[in-house]
Amino acid sequence: MCLAIPARIVEIDAATDIAQVSLGGVRKEVSLALVNDARVGDYVLIHVGYALNKLSEEEAEKTLALIREMGLLEEEATHNAATPGGEA
Amino acid sequence: MKYVDEFRDQKLARQLASAIAAEADPARQYRLMEFCGGHTHAIFRYGVQHLMPPNLRFIHGPGCPVCVLPMARIDQAIAMALEHEVTLCTYGDLMRVPASGRRSLLKAKADGADIRMIYSTLDVLRIAREEPDRQVVFFAIGFETTTPPTAVAIKAARAEGLTNLSVFCNHVLTPSALRTILATAGPDGVQLDGILGPSHVSTLIGSKPYAFVPEEFQTPVVIAGFEPLDVMQATLMLVRQLNEGRCEVENQYTRAVTEAGNLKAQALMAEVFQTRDRFEWRGLGFLPESALALADDYADLDAEQRFPVEIGEVKEVKGCECPAILRGVKQPTDCKLFGSVCTPENPMGSCMVSSEGACAAYWSYGRHRAPAAQAETV
Amino acid sequence: MTQDRRFPVRLDLKQGTVDMSHGSGGRAMAQLIAELFHRHLDNALLAQGNDQALFSPPPGRMVMSTDGHVISPLFFPGGDIGSLAVHGTLNDVAMAGARPLYLAAAFILEEGFPLADLARIVASMASAANQACVPVVTGDTKVVERGKGDGVFITTTGVGVVPEGIHISGDLARPGDAILVSGHIGDHGVAILSKRENLGFETEIRSDSAALHGLVADMVTAVPEIHCLRDPTRGGLATTLNEIAHQSGVGMQIREEAIPVRPEVTAACELLGLDPLYVANEGKLIAICPGERAEDLLTAMRMHPRGEDAAIIGAVVEDELRFVQMETRFGGSRIVDWLAGEQLPRIC
Amino acid sequence: MTQDRRFPVRLDLKQGTVDMSHGSGGRAMAQLIAELFHRHLDNALLAQGNDQALFSPPPGRMVMSTDGHVISPLFFPGGDIGSLAVHGTLNDVAMAGARPLYLAAAFILEEGFPLADLARIVASMASAANQACVPVVTGDTKVVERGKGDGVFITTTGVGVVPEGIHISGDLARPGDAILVSGHIGDHGVAILSKRENLGFETEIRSDSAALHGLVADMVTAVPEIHCLRDPTRGGLATTLNEIAHQSGVGMQIREEAIPVRPEVTAACELLGLDPLYVANEGKLIAICPGERAEDLLTAMRMHPRGEDAAIIGAVVEDELRFVQMETRFGGSRIVDWLAGEQLPRIC
Amino acid sequence: MKYVDEFRDQKLARQLASAIAAEADPARQYRLMEFCGGHTHAIFRYGVQHLMPPNLRFIHGPGCPVCVLPMARIDQAIAMALEHEVTLCTYGDLMRVPASGRRSLLKAKADGADIRMIYSTLDVLRIAREEPDRQVVFFAIGFETTTPPTAVAIKAARAEGLTNLSVFCNHVLTPSALRTILATAGPDGVQLDGILGPSHVSTLIGSKPYAFVPEEFQTPVVIAGFEPLDVMQATLMLVRQLNEGRCEVENQYTRAVTEAGNLKAQALMAEVFQTRDRFEWRGLGFLPESALALADDYADLDAEQRFPVEIGEVKEVKGCECPAILRGVKQPTDCKLFGSVCTPENPMGSCMVSSEGACAAYWSYGRHRAPAAQAETV
Amino acid sequence: MCLAIPARIVEIDAATDIAQVSLGGVRKEVSLALVNDARVGDYVLIHVGYALNKLSEEEAEKTLALIREMGLLEEEATHNAATPGGEA
């Protein structure tokens, strides 16, 4: 329900539990108060200045692979069904 | 942007669209409610509905914290700001939501109330530290995603001895609302064949709390990410469950959502908050166990107790269909005010304000909104 | 500069601050004007010292444009309110296809504002005006009490001449016209937001604040048939396209993929919940010209440093409803509406 | 006016207030401009709806002048900030002997300002502009947060053309020239002060705020050899004479008895410890012309309604020190210095 | 304006000037001190000195409350405004007086102190009523003329229970200063042949308190009104006393000054104030019984007690001759800073700020002030 | 020492002890807290919003008469002594 965006941790200040995250060339300070054992290099979901949790690279790959696979099954049908119109 | 761009890929989208079109049974209806306003926003922003077959329709749920906030709560916040002359801090989303008497936080601010838009509860802490002579009230709203940052601020205020900070708590709980929607679904209410489960709420609470949906209401749930491919994949997963006669909680958003959720955040919430017996939701009425209040241990930080106000009777704008829209039984275009009297500049209901509100989405991204074209359903 | 007999003691440009007497009309104001404004903005017309500037414009049609500048923070990556106040008005003049001739500048100063900051701003204005070869020839200074202003507001007004044969106006877009943008959008707005204390993000993005009349001169030379020019400032590309669509009574069809946006701008917008299409620019323009001249115009633009990243982003279409529609990068289609309210950081 | 399709709901001009969205660049701003500014200031150039106005000036030398208006109270006997913003700039243009052609207006609005007051101000501007036959052809609107402005600030800029053969500038006063004033001084300042809550005095005095280009046109026709014209606004007659003395490198000798001051203005100044010579005017001018043409100029001035009470008040003299001296009504002689600081009510 | 215009009549002035010229004995000097800055101002504004014979010279006295206020008191007021964040109200005259470190109330205001210029103590009461959350301090200065209005405000504050109003009292007493001037006059100090007595101070205290001047110091006094004819007539009266060898207190200003003065106002002052044992006057040093403090009964309204501040050591501007000028022993043109470094825009001393200060009068109304002409004495 | 100016009382509000005074067409509110038995028609000296005391018409006339008389004695000498120069 809420705007959140994945960003990579590039620096952690253990004393304050504040991290610098990076996203497409933008750096931002976020609080790590809500996550355990975040490390530099981890991707975290950022929401209202807090890291909500870590993202799993492995799971993301799996999901993408699954999407590709789901799509491939139907590639033949693509040209006919690409713009099925919905209720435009 | 990693984890973002991959999930907005046009080619994969086309392929998924074909897959859905191919697998959807033309003989049946797929009425899928996206519970979250975030999903509503993504569906419109990326034009996902256009990629679906005609018999697959997204029904917009009540999962927008701005939309479901009763007008009385805004009236109450404005009264606090004006009568007790507090510094009221809140997220930008709330600024333009209509309150009684054609007011809003934005207008109250223009009229002299000290209302500040903040980006993070860290700002609230900073303001309270920098202005010790001001009483700072955080007007907290949001589902489980936005609740832990409030908890962090409350704990910090206590730890630092910030006696000038308090919280006007309006955090609400997803499962209760979902249960209400499902309980009232059916021939007289909204007809639902499946649920797209929340993304970020689920990162916090995990996938377990949705177990009651298939168990008690025989409706499949797929927890879905917010990127358009996430939505499409989850849609396909729902189509498959329905086609195969399955009825389960599935998790499409595995890169962020686990079964148990964020235990640290959950513990924090449990410490700082307690469940209210009942709380009013716009459109859904008073729902049991559907919202949080500050725990007894933190009652001294409760703005409702510190700054009591009385507000007049609340009259909803006549003709505004937000309640029905939030229950999924009407669409924005069913509202007579949509696009005539009610626009984002002059919103009559919260659904026209929040970027996750169905009316705002229809208005901002819908192709036809002029009177002549209103009959169409976008 | 030898000391003017009227002002035995120099203005304290290091520690001094603006006080009410600097706006009184008396000797303190005369000194501020002489030692700060005239010193930096030095030119023969300003030196006349009258309440108005006198000049002999070349014959032909003229344009006039005015803009108040109220930006916060006053200093930002890529510029400050001084350079912005020059560029902003030069660009509005240039958007008629005109060559800007002269600028006027009216300052509203808040009591307590550091003279050092004011000097820095006026120096930056002077440098922007010099680079643009358009002098500030007349001005005005007012001082308001603390709490009734915000440091400094600068209203600039510019006049310019329109070359013969050029007819550019927001109501001239016609179906079949091409829509071009002169470069990456959103840089200015993101640079400003990055300096807002509480948003606390860092980027390399600098404001694109720049004078565009050089680019415009090349454009109208190459393609005199240009129909519309406008700089997508407040409200961004989206709102400016809607304005033109409304004025001309047409629709527009643009392609998200064709719109140049820097990755950092995209990222900052994702973080803040903003849409780059609504973020302000101060050194970009939108051009609309007959479709068949689009490539020529694009070529001319790309040859100018301010138009290197120019792109054709869409076309004007017939539409009674005057909608701006966009084919999304994702393959869908959506309306691109006017900005509603302010574009504020959202949480959800 | 049929309702614009962009704005389904009319602006609430009765109860509404300015909010930040009115300065956002989005639809709320477009509506404010359409339903308030354009409605009142209605003219063909403004209706172009571009960010600049295009016009064809008559050939010849032109002048441009700009002034910010920050007056408090916004409404006062004899005018308001709207009419003042028109008159102030028209007069600065006219003081070159010019005929004003066009005005630009930039508004800086404070969040919370009542739209009803804004409408009243803009209507008053429109009426002043109409009466002066000088349209407001382009404009700008910004909104600042509450506490960062003061209701409304209006910066106006004017352009005008100077008739051939007219050469008027503050540096052209020469020993032997006569000094004239077009009427009673101090009315504007006293009218404003009378509305300052804590001074709590009442008078029939109204601001003299008025456009003077009609008077100026008659004057330059009658006496094209006029050397200087200036409106004694902030700093009053005293400061303006000092400015000209400084610019021209001359001294001045004036007679207190010859200076027209209404008894009420004298009385109010006595009460507040002010000197009428330093009190602001908004509808008066000082003229300096060769001594031998003084009577002709006076005659021409007196035939115009705005110059009925014109008077010759003194002469330009040689003086290396550029002092303005006055023979007092009492028979003594004293210097009349620039205004120092602000002219504030004194107790002792 | 009745009682004003008649006393500014040019023809009568010329006649009086002739009479003075005729009666003044060319063989002697008439060195007359106008005690009041108001007289100084009138003498310059109307060019009275020009109408006098060469051997009659006005010597400017210390009777300007702004000029004699020690810099430390301004420092103290600024410190109150900044450290205690009070709303400091004061008459416009004080705004530009130099304080330590090139500060002034005007600059402190520009730097954020809440300093308000008021016209009357009635304004101070209004502000205190309208802003109950602000502590309002009235920075009171002035001689006996200006003191009773302060007393009225203090009594009203007490009566209304305005707990947020207090007074920083700097009211000073004329007779003590006059005594000091006379006591130090003579070959080493200022040479005085007669005194033009205060106008409005005398309306309050009456003519009796000047009895000591002829009695103890063998110097004639004529109490004079502020209009130029008043000054000239009083001058002629002094010339006559001197010519005739008389030495009395005479009253030229009988339309406003009685022997006893304003008893109602005196009673009010006696109730609300008490005489300080000593108080510092710029230029004159610490003078006994020369100033007022709040009476013990009103000590709770004393801002000095309510808002104690510590200020640094006060350094007078090097080269500023204000002290000598205030004692009458130097003239503004004797000051090296006059017109070079010190101007009304950049005053180095209070005498260049107050419109009743001798330096300001010389600057604003003197014919020659450019370096080349400084040798002349105006 | 202090700026004060005579004005005529045109109206008195006994309840508040506030008067309206008039001076050359200007009306102003002043406090009567410092004067006894002021009446409409009286002239009072106004200082910082207060009436300091009443002016005596009779005395004013006497003073003016005296000034005239002092001047008349020397009228003959006027033309020679009118601008005696001082230290100009």
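Residue numbering begins at 1 within each chain, and the chains themselves are lettered A, B, C, D, E and F in the order written.
Criterion: contacts are C-beta pairs under 8 Å (C-beta built on N, C-alpha and C of every residue); 3 or more make two chains touch, one makes a residue touch a chain.
Worth saying up front: this structure is predicted, and the values here are computed from it rather than measured.
Chains that touch both subunit D and subunit E: C, F. Chain centre most remote from that of subunit A: F (centre = mean of CA atoms). Placing every chain at the mean of its C-alpha atoms, the farthest one from subunit B is found to be F. The count of contacting C-beta pairs peaks for the chain pair C-D. Computed centre separation for the pair subunit A/subunit C is 36 angstrom, with centres defined by C-alpha atoms. Centre-to-centre, using mean CA coordinates, subunit A is 85 Å away from subunit F.
Per-chain Cα centroids separate subunit B from subunit F by 76 Å. Touching two or more other chains at once are residues 1, 4, 14, 37-38, 50-51, 64-65, 91, 96, 106, 119-120, 123, 142, 145-146, 343-345, 356, 367, 370 of subunit E.
Residue positions of subunit A touching 2 or more other chains: 1-3, 5, 23-24, 47-49.
Shared interface positions of subunit C, defined as residues touching 2 or more other chains, are 20-21, 26-28, 263, 266-267, 270, 273, 340-341, 346-348.
Every pair of chains meeting the touch criterion is listed here: A-B, A-C, B-C, B-D, C-D, C-E, D-E, D-F, E-F.
In the complex of the two chains, the subunit D residues touching subunit B come out as 5, 7-9, 12, 15, 17-21, 26-28, 31, 111-112, 146. Residues 96, 102, 106-107, 109-112, 339-341, 343-346, 370 of subunit B are the ones touching subunit D in the complex.
For subunit F in complex with subunit E, the residues that touch the partner chain are 1-6, 8, 23-24, 31, 33-36, 43, 45, 47-50, 52-53, 55-57, 59-60, 62-64, 66-68, 70-75, 77-78, 80-88.
Residues 1-4, 6-7, 12, 14-19, 21-23, 35-38, 49-54, 57, 63-65, 91, 119-123, 142-143, 145-146, 148-149, 152, 174, 198-201, 203-204, 226, 229-230, 233, 236, 252-256, 262, 264-265, 268, 356, 367, 376-378 of subunit B touch subunit A in their complex. For subunit D in complex with subunit F, the touching residues are 200-204, 262-264, 266-268, 270-271, 273, 333, 346-348.
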